[in-house]
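Across the two complexes that follow, chain A remains constant while its partner is chain B and subsequently chain C.
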Partner chain A sequence: MNALPIDLDLAWESLPALFDGLMVTVFLTVLPLIIGLALAFPICFARMSSRRALALPAETFVVFFRGAPLLILLYLVYYGLGQIEALRNGPFWIVFGSPFGCAIVALSLNHAAYMVEVLRGSLLAVPHGIVEASEALGITRRNIFLWVRMPLALRYGLKAYQNEVVSFVKGTAIVSVVTITDLMAVANSIFEQTYDPFTPILCAAAFYWAFVNLIRVGFTFWGGWLNRHNAEDVAMPGPGRLALARLAGRAKVMP
Partner chain B sequence: MTNLSLADLAGYLRQLGEGALITLELFFASFTLAFVLGVLIGVVTLSRNRFIRAAWRVYASVFMGVPSLLVIFLIFYGGSAMLAAVLGEFGARIDISPFGAGVAALGIVYAAYIAELVRGAIENLPKGQFEGARALAIPPLIMWGRVILPQVMRLALPGLVNVWSFMLKETPLVSLAGLQDLVAAAKIAAGATKEPFLFFVATALLFIAFSAASLWLANRLEARLDRGQRRAPVRSSAQAEA
Partner chain C sequence: MIARPPASDLAGDLAPAPVAPAILLAGVVKRYGAHRALAGVDLQVQRGEKVVICGPSGSGKSTLIRCINALERHDGGRIVVNGIELTGDEGTVQDIRQEVGMVFQHFNLFPHLTALENCMLAPQLNRGLSKAQAEKLAMAHLERVHLADQARKYPARLSGGQQQRVAIARALCMEPRILLFDEPTSALDPEMVKEVLGVIEELAASGVTMVCVTHEMGFARRVADRCVFMDRGEIVEEGGAQDFFDAPKSERLRHFLAQILR
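Here is the complex of A and B:
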């Protein structure tokens, strides 16, 4: 055994295959992130509704798809839904018949359930007085949501959103169980061909690490851009610090 | 719709039960390892030594930046070679079981998250706690064990609960390394009976039930740990960066 556990020649040779795997992982990250977020908004409104008939199903959705391990959700969609006759003969079989479709459905539902909680937490963090003040100014409810509550909620919830996205990326590593060749699956198949336990997996780890940290850097810039009005304090303001931060921002503009 | 005989069902249920026990064992073993490692690492890396701090940053960044599944595979496939490199001839003869690989991998990964929580909690403690202990000439071991860490646990509890429930949802990953746990048993039963929907939903509900039960316990524990506080302090944002 040589000193370095990595076989550089093998690493160089397997780079293109690993890169293709990374592209699959990126694809399986981006699409469910979009679908999950789109699903999360209506479910979050239902969850926050005062009508039990709306709130209860939404809550059940969140408890189930957040509480169940992603691996089981994936099995459930991939193996379980095929059992339903109507679905097998219906038009949606294009989605549920392919491993990609199943993975995207399972990942999206899981992400949506997490995002409902992130959204709800961020929306609840918006001080009520601000909403009341907007109502007193005669701003329509839609505009209050779009231009007052959401911009503030985004700032409060950005850190939680980042955590969810990062853990989601890492969660996609299981899609190889439904025959998708993502980054993890490529590394595994190289291991099975060469019996080198370190090179392919450590290379895949480097790719994952780079992808995850790219997302972290992106969120940091996003957070900085959202808080550009108080450039000295780039960190996300907590609900309590916000008023102070805004005062500080004004003090700089006034003179 | 179901075409299972009662005897068959009882057999599969027994298998699921055995699998659930293995999943629980795996979970408790890895959480204990992660907790002990995490507290140790959290305390040690508060040192001012530049190398220790750099090592902590590398460790945290690596294990928070790669999927747990990858770490499980790395230890399962490469564990023997790693042990051989460290222990020499003796280590090469140790076979890595899926269970051992799972405990080691989940323990190492989640120790990073727990260490981060513990570090945050220690830094949030008033300086006077350390100064007071020193002024009373309390030996360091007793200071950490009886003064600092009990308060740290109170501050870190919400984050620890997060790590706990997140880790629970990652334990099924070890079945991909060949462990015959709850999820593996459910998959076998689903394939053999052609009733995947039933078995996977039942498995999911088991996880949710366990998670709910432990959340209830955590709330009780939190109330107990907070009994010395006049009112619940504002929770610092100590959520695990999962």
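Here is the complex of A and C:
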């Protein structure tokens, strides 16, 4: 008998199906990350506005969608919105009529709510004196945002952003409850077919782990490149490429 | 002597109206709540003039020069800079900021950009210079503050004195006719004060209009055409450096000088 709780043959046979599931998980990660981030910017600007009429709705959005458990949010979008007849007959049914559409909406709203706060915290961390210096140079507000505030905010907020992305990836596992066959759902169905609880679940865990760590490594490189100005002994030929290699754990970096 | 950068018209010799002062402040008031940081300040700075402002902490001297380029908005009175009246209108604010460079106590360099890029940013964004043009301009001004060899370093790798000189070069790259210094040496270690003041003195010789908040009395004596003493939001006394330090007229200035000279 096999001493391992894993059936290696089953694991090998399951790989293609699990890989397909992983692709669904990747898709359900990347798209909401993009949409959520795009939503977060205007909501964050509204939240930071001195005008109450803008700040209050934005704050309400954050409080609601950050407070609502993702699972309940998903149920509400998937089962709840379907009760509205006008929506069922309207053009948006293309989105809300499919589990994928609903999952992307729910995940995007959740991610946006978290990102508003990440973004706001990062922007508030930019030293006021640096913004003043830009103003004194006669740089327009728009350009100050693009070339000074945002690049610095990105550096201050990168760790928080990484945390949010990593926990978000794992959060996508709940989409299986609305019939989407993501990585978790594939593992679950293999379990139901074989009555082997360990092999598919541990394999799925390994896939999640690999995906999350790929993201982590990506962030490490990104952070190393962004923070090259703080690197020890910055070698200057080219924009800090050597420093980048050094920071990113002495890995070889191709130009 | 230092070489003048080719594209510079720092001397302010392109005066639109020769009689108009570079800076005119008339009855300027600034309030923070009930507190009056500026209680009706009148001050004129002629083209090419070097004015040093001193006064105790909280006297309103920083607030005064920050009003000149609208980092603080004044609540009353008039401010006219190079013939442009500062109103609430964003356009006039931008116009004035193109004419006025500022150097801060805490340098406020862009930490994510090299010394060179710090100097290139505003000319590229505001004046639409190409990268090559901006780089040439920035190098010329970095040379002027004796930092050409540090151009590709990030601020974190530079000493305080070097950072402040980069900040001066960055302001010069906008080729302003007026330079404002807000305690440029107060945050520096003592051994670095001299290199920064040296650069400012060299600039002073170039004919640019300068307003400098500082307590460096030796510097004031060497450079200032006029010294202004502020206390509690108003100008108490002003005069040539010689009289100002050696024969102060007001009791408040005498008291202040006794405090700082010990």
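The rule is short, and it goes like this: the second predicted complex is superposed on the first by the 229 of 255 C-alpha atoms of A that agree within 3 Å, B and C clash if a C-alpha of one lies under 4 Å from a C-alpha of the other, contacts with A are read in each partner's own complex, and residues count from 1 in each chain.
The rule is short, and it goes like this: a residue touches a chain if its C-beta (ideal position, glycine included) is under 8 Å from a C-beta of that chain, and two chains touch if they have at least 3 such contacts.
Being a predicted model, the structure only gives us computed values, none of them experimental.
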Touched partner set for A:Ala204, first chain B, second chain C, both or neither: first
Comparison of chain B and chain C by chain A residues contacted: B
Partner chain in contact with A:Lys159 - chain B first, chain C second, else both or neither: first
Partner chain(s) touched by A:Val148 [first = chain B, second = chain C, both, neither]: second
First, second, both or neither for A:Ile130, with chain B first and chain C second: second
Touching partner for A:Pro69 - first (chain B), second (chain C), both, neither: first
Contacts of A:His229 with chain B and chain C, given as first, second, both or neither: second
Parts of chain A lying in touch with chain C, wherever the complex brings them together: 127, 129-130, 132-140, 143, 147-148, 151-152, 155, 226, 228-230, 234, 236
Contact footprint of chain A on chain B as seen in their complex: 61-62, 64-70, 73-74, 77-78, 81, 84-85, 166, 168-173, 175-176, 183, 186-187, 190-191, 194-197, 200-201, 203-204, 207-208, 211-212, 234, 237, 239-242
Residue numbers on chain C that touch chain A, as the complex places them: 69, 71, 94, 97-98, 100-102, 104, 106, 108-114, 121-122, 125-126, 152-157, 167, 170-171, 174
Chain A - residues contacting chain B, complex: 1, 5, 63-64, 67-73, 75-76, 79-84, 159-160, 163, 166-167, 170-174, 177, 184, 187-188, 191, 197-198, 201-202, 204-205, 208-209, 212-213, 238, 240
